[in-house]
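Read through the structures below before going on.
Here chain A shows up in two complexes: once beside chain B, once beside chain C.
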Partner chain A sequence: MLQGPVIILTSFAYLGLLFAIAFYADKRADAGRPVIANAYVYSLSLAVYATAWTFYGSVGRAASDGVGFLPIYIGPTLMIALWWLVMRKILRISKQNRITSLADFVASRYGKSALIGGLVTVIAVIGILPYISLQLKAISSSYSILVQYPQITMPAAAAGTSIASDTAFWIALILAAFTIAFGTRHLDAAEHHQGMVAAIAFESLVKLLAFLAVGVFVTFGLYHGFGDLFARAAAEPKLAAMLTPLEGVAGGYASWVWLTILSMMAIMFLPRQFQVTVIENLDERHLNKAIWLFPLYMLAINVFVLPIAFGGLLHFPDGAVDADTFVLTLPMAEKQEALALLVFIGGLSAATGMVIVETIALSTMVCNDLVMPVLLRLRALRLNERADLTGLLLGIRRGAIVLILLLGYLYFKLAGEAYALVSIGLISFAAVAQFAPVVLGGIFWKGATRRGAAAGLVAGFAVWFYTLLLPALARSGWLPAGILEHGPWGIGLLRPLELFGLAGLDQITHAMIWSMLANIGAYVGVSLLASPGAEEARQASVFVDVFRQNPDTRGARFWRGTASVPDLYNMLARFLGAAGADASFRDHAAIKGRQWPRDALEADAELVHHVEVQLAGAIGAASARIMIASVVKEEALSIEEVREILDEASQVVVYSHRLEQKSRELEAATAELRQANERLTELDRLKDDFVSTITHELRTPLTSIRAFTQILLENPQVELEQRRKFLGIITKETERLTRLINQVLDLSKIESGKAEWHESAVDMREVVADTVTGMSQVFEEREIKVDTSVPERLKPVKADVDRMIQVMLNLLSNAAKFCEPGRGRIEIAVSEHGGGLRIDVRDNGPGIDPDDQKVIFDKFRQVGDTLTAKPHGSGLGLHISRQIVEHFGGRMWVESAPGQGACFSFTLPT
Partner chain B sequence: MSEETKSQRFVALCMLGMLLFNFPILALFNVGGTLFGVPVLYAYLFMAWAALIALMALVAER
Partner chain C sequence: MKILIADDEPHIVTALEFLLVASGYEVDVARNGDEALAQIRSGRPDLVLLDVMMPARSGYDVCQEVRATPELARTKIVMLSAKGGQGDMGRGMAAGADLYITKPFSNRELLDRIRQLLAS
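For the complex of A and B:
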């Protein structure tokens, strides 16, 4: 089934599907409903980091070095932990300045220098070529292996074959066509390629699933899980050594550390990572999810690397099969055709994803930062007068894509075949690591200058070229091998692999040490020696202080000169088209509260700045600067003036910070005062309420006492029976008065904290029994049945026994009061509950309204209409009970439904 | 949580990671033997890595 045509057809069907996804995403983006505007798609698109290197190469590396493949993924995880600090800043800067690529970012930081932009572009293109050749090698060799199915033969070196019959060459051309269709269909001012991002996110899913499928097949299909696999590997004397120490195997700790650092840089500065992380980012907040989802992805795609590597080594013990191909050859050897095809598609996903994004990013750099600045300077071309330049821009980019892929193919032919996949990739990692000092230094250190950046880049790149690329070419026989052994011209100290006699390190560590030393040394040294120009000083402030600026006046405050609106408009229209220029002018007018073109705009500093930023979005900062300078008469600001503006601005910032802080403090103080005042007013109101209620409550019994004593005083002939009755009422009312006064005193003591509490271990069994006995008279009178259910043994609670009796008496007498005489029933239940006791007192009275339940524990609240019904108590009992329970750390509440009785409960901690 | 605190927590996590995946801590696990049938070094690397990611998720999403 797996013949050439089937494989090719499947591959094209898959590429077609990618294209359909991209097309759909682009359509949705045009309609203003982007599919990629969520953190999950963003995180998946970052996984373009996992290329054919990860898919095929990790297993190859693991088969020779054990865990030596892991720093490539752990490093990025560590770097991403710093993204909140670093990447958020880069994102903010890039959005404000409409950065279009990594080269544009660096050029923009160092005074919009075309020189720096071009330098970064050249380094990036040359540095990435090995990486692109790695992808071509992976696709072509996986195809040549798969097409031999069911035999497993390693592809012969393609050196002898002609270009026309070389698979890799055709793959390079197909990928170029595909990338052109993907990334350069139209020119977007913001350089967003939403369709591409959607397709890349999809590819990330495919490669992950394919790799996991092989992993599960090898681990659980061929062997019985991880334990079995590793046990069998340990039984082989050749493999046993790889299961243990790190130092002998993976080049030791030094190599481990340098690989970690290298990949920390790579995740930031590979042009394609910068493209998907920064340029294609739609919302800064997506970073929050990506910070952990992307590392999780890397973890997932690496879990099965070691099992597959050991599975392969056990399966092909004679070493005839290249470990880089185990992912594919294991399913093939087991006659799993479908799985093998899935693996091939997965590898294709990994490789195409990388090639598409990388070449789009590089072509943007080549166009904006290398070709355009040159073309614009050549007056003979009269580019300034051409009406529409969008076609030219797209043409340059398409040409750049083809060129880059062909160069990648060339490197593959020249040097790629002698190295394993990972070793090829690491050469590229070391190249992009050269951007780390100028970018990181650029966003945190204002003193860095253009000359320093140029010196650092050139020095670092030269050392990289000498210690990594030159040996790669020499080993492949394109340079005399004697250079490696004896040094150029026989000078031993200059041997590329042991520069200045530094021996005993692996090639990457050696190159990183020397290139970083040269790079950082030159960057810092020259920056400190040369003072920055006006443009540099101002860009330094724009970048370093990005979080501190007022967005309305960024950049604009540095400009002085004269310009005309039609000139600016025409220039913008040339690069963005008339529609783009119209939209841009409308936006700018809207900010100033005007309508364009109805209202005239002034060609002031803000408009010029706006146009420059828009233009930078299309052709890069350096080219935009040149264009602006061509239509605008500018007065150059001197470095002193720029400094003055910066100082002034920073003083204003400091001053306004202080003001803000002061006013915040004032606000806080005002709020506190207002709160205190509200509380006082409330307390005052409560006190008034209390006094008026208490007087009312005192007057009721007093009135009746006075009335009856008066009757008795004025009518001496009242009958004895009648007299007895009256005196009885008087006594009762006096008792009520006394009780009320006692409770008020009690309450005021509790509330003022002067109450005396005698804490001891209280047995609630006794309290319940005592109160029930004490109340038995009342219960009998009203014919109320009392049920108590108390466990045999109860943990004692820490409380005041008299107070507890007071609470129980209050609850029981309330219950008794509301029970219907004759049919009354009260249930008392004590139970252990959580870390304490819970006591329930349930009656079968009329129940309590839900509204009343909320206020029943308030002071002087009596349920029912106090105007018509005779109140049944002082209204303080429940309030005091709750205060007591809360004093001992418990809680009191009521549950009731009208007509079904009420249940008062409280808890006490033991 | 303020941006300042969040930044500090992330820096701390990065340093923790550098500690976990570096000499000398790494050397402690660079020994023979197995854990759940997996060589100790491999098991340690993946478990520490997963834990670091979990912590990053915690800080990022708070």
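For the complex of A and C:
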């Protein structure tokens, strides 16, 4: 079954299927219902990172380095964790500025410089050529092997064959045609290729499936699971060595570190990765899912690498079969024809995915950032007169695609045999890593200048070329091999593989160290030499501050000049067509609340900016800049003016922050005031209550006094006995009144802090004795028994002796009041308690209700027997007593149960 | 004519009792709101001298209760209070008192007003 025509037919059928998918997706995109607008398709499209290198080469690497194949996949997984910080910013910037490619991004950042754009494009193209050739090699080799089934022979070296009979050549042409059909059917203002994205998402699935299929076959079909496989591998001494991570990689630690770093750079800066991650992204939120879906994919596709490698080594022990081909040759050896065909398609899938996306991305860069700026400058006058440039743009891109693929083939012919697949790929990784400083620096450091970026790029690229590309060419015989041995012109220090004597590292690590040193050194050094120009400063702010800006007014501020609306419209139409220009002007009018073309639009800074951004979406920022400049008479803003605008803006921000702060403080103060007001209202109410109660308490005795006085005055006939009684009442009530007034005054003085306190060392024993003596008459009248238990020696307390007497009198008179006459008993006890004194006054009266106990110390609260007509006091006594005790640092409380008397206690510190 | 004195202040009760008896009225005494209500219901005095600030039940409550009882409609109620605010007087009248007198009062005036009320 596995014969040439069958394989070729299957391949074309598969490519046809891909095309159909892309076509359908494009149709849906045009209808406004994109198929690819979900996070899963987005994440799958990112898996274009796994190319034929992953498919074939990782097994090859694992077979020689064991676990050492892993860093290339650990890198992206690590990098994705950082994406939240870096990639989100890049995404936002790119969306806002309608960035069309990696070169466009860098060019735009450094002042919309065509020079930078061109540099990046050149580096990208040259750097990716080895990678493309790798894919071509993979397809042609796998075809050669498969077509010789059932024999398993390695393909002959390609160098000897003529071009016309070289399968790789035809593959390159077919791929070119395919890519043109995929990516250049029309010009999209935002450089979206939705059909392409759908197709490569599908391809990611196919290659994963194929790899898993062969993995399962080897692990569970040929052997009995992971355990069995690894046990057998451990039994072979050569293989056992590969199971240890550090042994497996040449150069140990350093290699692992640099390889991981390299692949972290690659996942960001490979043109195809930038294309699918940033340019083709439809929704920033898709990034969130991708952050864990993509590592999952990486894991899935790497799970079976080591098992297949070991399986192959065990199966083909004599090294006649190239480890890169194990995924294919193992099924072939076991006569699994269908599986082998599936694997071939899987590899084809991986390779074509890479080629299509990479080439489209590169061709866009070549067109927008290399060719167009040159054309516009050279034949500026003529181009302005041409009504429709879309044809020209498409033509340039198609030409670029063919050229890039042919160059890829050329590299394959010249230098492809020198290395295994993996090493070829790493050379490309190292090339795109040169973009890392200018991009990462560009989005975080406003001080980076265009010259600095150019210097960094040139230096890094030069070192890369010298340490990686040159040796590849030398090894393939296109340069004298002596260069590697003795350095150019015999200068040993300049040996490409051991620059300045740095030996003992593998080639990639060595190249990375020197190129990064040169790149970053030149970038930072030259940037620091001079300040950024007006345009650069403007763009730097746009990029670095992207999260802090209002997108509507961002770029427009920096423009001053005159333009006419018809000119702008015509120019836009030249690149986007009349329909595109109409749509764009309509959008702009809508933002301003008007209708186009009914209402007139002003040719103000905002319109010009809008048109420029739209244009940049089609032809890149640098070219757009040139076109706008030709149409609009612009006054260049000096760097001072730009700084002024920026300063103003930052001042406004600071001012508004201060305003915000002030208003918050104001709110807090208002809340405080409201609280204080509430408290005052409450106090006011309490005061009113107090006044009302006092009034009542004062008026009551006054009523008796007045009434009886009048009675006596008007009734002279009243008997002596009664007269005496009434006069007695008058006297008592007068006393009561006086007492009340005194207490109120006393309380008022205590509470306002104006009372006079005469502190001295008070002997409570004396106080108790004095008060008992003072009350003796009352006790006699009521026949109350009084017991005192006071220790002989008492520590003196710091208090006011008069006040203490006042308190004791209060407690004792209360106790006396509530004792039943004849059966009353009062106990006074003084004891030492917790560093102070404790005094208890216990009576055997009726006791106090628990509810009353809670309020008994409050002002004007009296509890008493309402059924017997006993006169009560003012209600202030206990309150004042407690205030006094608390003033001297003590506590007062009551313990009682109804029917069991009451015990009032207080403590005083000594 | 029977008059009920409802007040918890004993001295005031004594004074009022003397005055009323000297004027020829029959006098009953209640010391708190509940007692007052009970004696109004059972004794059916013609007039009640009702203190406002009493324990158990305030004068207002007693007044409202009496007014809510149709059989007691003829009972005259004179509120006595040491509270003299406008609001208090209004509250008293709203509760259904016929008269609101603040303490301290003039003996003469009190007796005159009582006589007027009982005559109508």
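One rule holds for everything that comes next: the second predicted complex is superposed on the first by the 647 of 910 C-alpha atoms of A that agree within 3 Å, B and C clash if a C-alpha of one lies under 4 Å from a C-alpha of the other, contacts with A are read in each partner's own complex, and residues count from 1 in each chain.
The working rule: a contact is a pair of C-beta atoms (placed from the backbone, for glycine too) under 8 Å apart; a residue touches a chain by one contact, two chains touch by 3 or more.
Computed from a predicted model, the values in this text were never measured in an experiment.
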{"item": "Chain A: partner with more touched residues, chain B or chain C", "value": "B"}
{"item": "Contacts of A:T738 with chain B and chain C, given as first, second, both or neither", "value": "neither"}
{"item": "Which superposed partner A:G225 touches (first chain B, second chain C, both, neither)", "value": "first"}
{"item": "Partner chain in contact with A:T700 - chain B first, chain C second, else both or neither", "value": "second"}
{"item": "First, second, both or neither for A:K289, with chain B first and chain C second", "value": "first"}
{"item": "Which superposed partner A:N715 touches (first chain B, second chain C, both, neither)", "value": "second"}
{"item": "Chain B and chain C footprints on chain A, overlapping residues", "value": "none"}
{"item": "Touching residues (chain side chain A, partner chain C) in the complex", "value": "692, 695-708, 710-711, 714-715, 722, 726, 729, 732-733, 866-867, 869, 871"}
{"item": "Chain A partner contacts - residues on chain B that touch it in the complex", "value": "6-7, 10-11, 13-14, 17-18, 21-23, 26-27, 30-32, 34, 36-39, 41-42, 45-46, 49-50, 52-54, 56-57, 60-61"}
{"item": "For the chain C and chain A complex, residues of the former touching the latter", "value": "8-16, 18-19, 22, 31-32, 53, 55-56, 82-85, 102-108"}
{"item": "In the complex with chain B, residue positions of chain A that touch it", "value": "67, 70-71, 74, 77-85, 225-228, 230-231, 243-247, 253, 256-257, 260, 288-289, 291-292, 295-296, 299, 303, 306"}
